[in-house]
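Common to both upcoming complexes is chain A, partnered first by chain B, then by chain C.
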Partner chain A sequence: MHSFGYRANALVTFAVTILAVMCSLASLSDNFNVPTPTADVKVLNINWFQKQPNGNDEVSLTLNISADLSSMFTWNTKQVFVFVAAEYETAQNALNQVSLWDGIIPSKEHAKFWIHTTNKYRFIDQGSNLRGKDFNLTLHWHVMPKTGKMFADKIVMTGYRLPEEYR
Partner chain B sequence: MGWIGENLGSIRSLQTRQSLTQAVNLGLVVTSALILWKGLMCVTGTESPVVVVLSESMEPGFQRGDILFLHMNQDPIRAGEIVVFNVDGKDIPIVHRVIEVHERQDTREVDVLTKGDNNLKDDRLLYPYGQLWLQKHHIMGRAVGFLPYVGWVTIIMNEKPVIKYLIIGALGLMVMTSKE
Partner chain C sequence: MDWEGQKRSEIFMLISLVVFGVVAFGVGYAIGSFQIMMLIYGSGVVLTALITVPNWPFFNRHPLKWLDPSEADRHPKPQVNTAAPKKKASKQK
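== the complex of A and B ==
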């Protein structure tokens, strides 16, 4: 009844239970945080725009991305993954999402940022539909916690348009 | 002589009873673990509701030994989600982020491209030669929750089988010798 094994078992069970309860509470406390992020993306330049030999359109952009994501950080936040995707519809595809740039924000101090960059990943269409195409730029974020549930959301920015001709 | 025989008999019946109880207890532990696992499979809709991160490709978000909870439903796959997928010809599932999605107008089928946050290049190099996209059937689930470090138990057991057998042996011994 009061053997060493019995006591060790009780102690370990109790410790693990407390740890599990604290992890769930930490994760649940994230729900009380209501983030109010702001973002703005400008297309500064179309560097080049052409049709690949295999028939897919490809475009290179210069972007200016500024955002303030500091309201997302809570005590349970390990990092925020943020990316900008071009989103558009074509005759063939109901939705195309192409990630253009991404970054990892390790702490609240780095959450207010401003970056001037060309697209980090290639912006290639499935087919040749990009001439004169209206598209959205969407800033997505993915909050990765120290423990528990992950959160994700986005800000959609509309009104971008690619040129009518290749260049 | 009769007295000894009587006692021996009662001890024997006690022992049978005790070992029967132990067998039933062991069976209960094993079946409840199985029920829990299968129940999780039903609730989450994926074959493996829990996966252990084995590689460094998603650092610093997910480190080796962290545990991910998966979920799968009919919602379409979207960019930014962290999915677990199987490529043909490889046994080990991969946990990476979706960076590109093309969803067909008519059939609603999706072409998906993935990349590890810590990798420089996208995953086309991991896919079989000539495969450009992942389809829905490659994807086992999307990661919804996260628990650090717990997966080290399985990593250690898989890499040092001696420890696994030692633990199983010790547990077996405890079950057999324990009373009550």
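== the complex of A and C ==
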């Protein structure tokens, strides 16, 4: 500690090191949180179901998405990114996942929500395999922290089926 | 700052920063506010900097006793015979 500059440097370095330790502890504390989310997606209507000129099937749905994700929020949560994906199997691909809707939940107060919407992103197949297809709707979430590790998980909802014929 | 003051300043800095870090994390975790943790820690860092970095008088309580110039003149530095030219002029009485 031989001069002003030396002491200032030592203090700043040590302070930043302690800050790094505090942030990693904050991230570790997220592991103690056990989230208990609930979600439900209803397909209210198949608006239309067509084969596009390029040969791919496309379907437009109206969905009612309701979920309670408030148990995921901790003191170290910045926001939760949530999206709904349709998952199905075809002869070419073992798993197809098409994202239909996503949103950002900025705080715990907004975490219990329902939304009545058409699909935000287009549901287009690679090919024309969708007639009579059984599919799952999965609600995925990414819990984005203020510092540290991001947690991601999902709820799979099964039992949805597309019509046998185009309309 | 004298040597004793430097030592005290450094020890105080280390302890103070660690204490503020622990208190900030504890309070922030207990009330669930990340912002409060950052505020407590930030103000702790500023406070510690104000106390330890500038050259306060209370860090200079054990000043070094420099040799009095008249005393130094009575004991001239020993001459060292070397081939290389001297950079310092030695005191000759």
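A few remarks follow.
Following the convention adopted for this analysis, the second predicted complex is superposed on the first by the 166 of 167 C-alpha atoms of A that agree within 3 Å, B and C clash if a C-alpha of one lies under 4 Å from a C-alpha of the other, contacts with A are read in each partner's own complex, and residues count from 1 in each chain.
The definition used in the following text is that a residue touches a chain if its C-beta (ideal position, glycine included) is under 8 Å from a C-beta of that chain, and two chains touch if they have at least 3 such contacts.
Since this is a predicted model, take the numbers as computed values, not measurements.
Look at A:M22: by the touch rule set out above, it reaches chain C but stays clear of chain B.
For chain A, the partner that touches more of its residues is B, with chain B and chain C as the two candidates. Within the superposed three-chain model, A:Q126 lies in touch with chain B and out of touch with chain C [touch as defined at top]. Using the contact criterion defined above for the overlaid structures, shared-chain residue A:F14 touches chain C, although it does not reach chain B. Within the superposed three-chain model, A:H116 lies out of touch with both chain B and chain C [touch as defined at top]. By the touch criterion defined above, A:A152 lies against chain B but remains apart from chain C after alignment on the C-alpha atoms of chain A.
After overlaying the two complexes on the shared chain, residue contacts for A:F83 are found with chain B alone; chain C is out of touch.
Looking at the shared chain after the overlay, A:W75 reaches chain C, while chain B stays out of its contact range. By the document's definition of touching, of the two partners only chain B reaches A:L95; chain C does not. In the superposition on the C-alpha atoms of chain A, the part of chain A touched by chain B in one complex and by chain C in the other spans residues 1, 146. Per the touch definition, chain A reaches chain C in the complex via residues 1-2, 4, 7-8, 10-11, 14-15, 18-19, 21-22, 25-26, 29, 74-76, 146. Against chain B, in their complex, chain A makes its touches with residues 1, 5, 23, 27, 78-79, 81, 83, 85, 91-99, 102, 104, 106, 121, 126, 140, 142, 144-150, 152, 154. Of all residues in chain B, only 60-62, 78-82, 97, 99-105, 108, 111, 117, 122, 143-148, 174, 178, 180 touch chain A in the complex they form. Partner chain A is touched in their complex by these residues of chain C: 1, 6-7, 9-10, 13-14, 17-18, 21, 24-25, 28-29, 32-34, 37, 41, 45, 48-49, 52-55.
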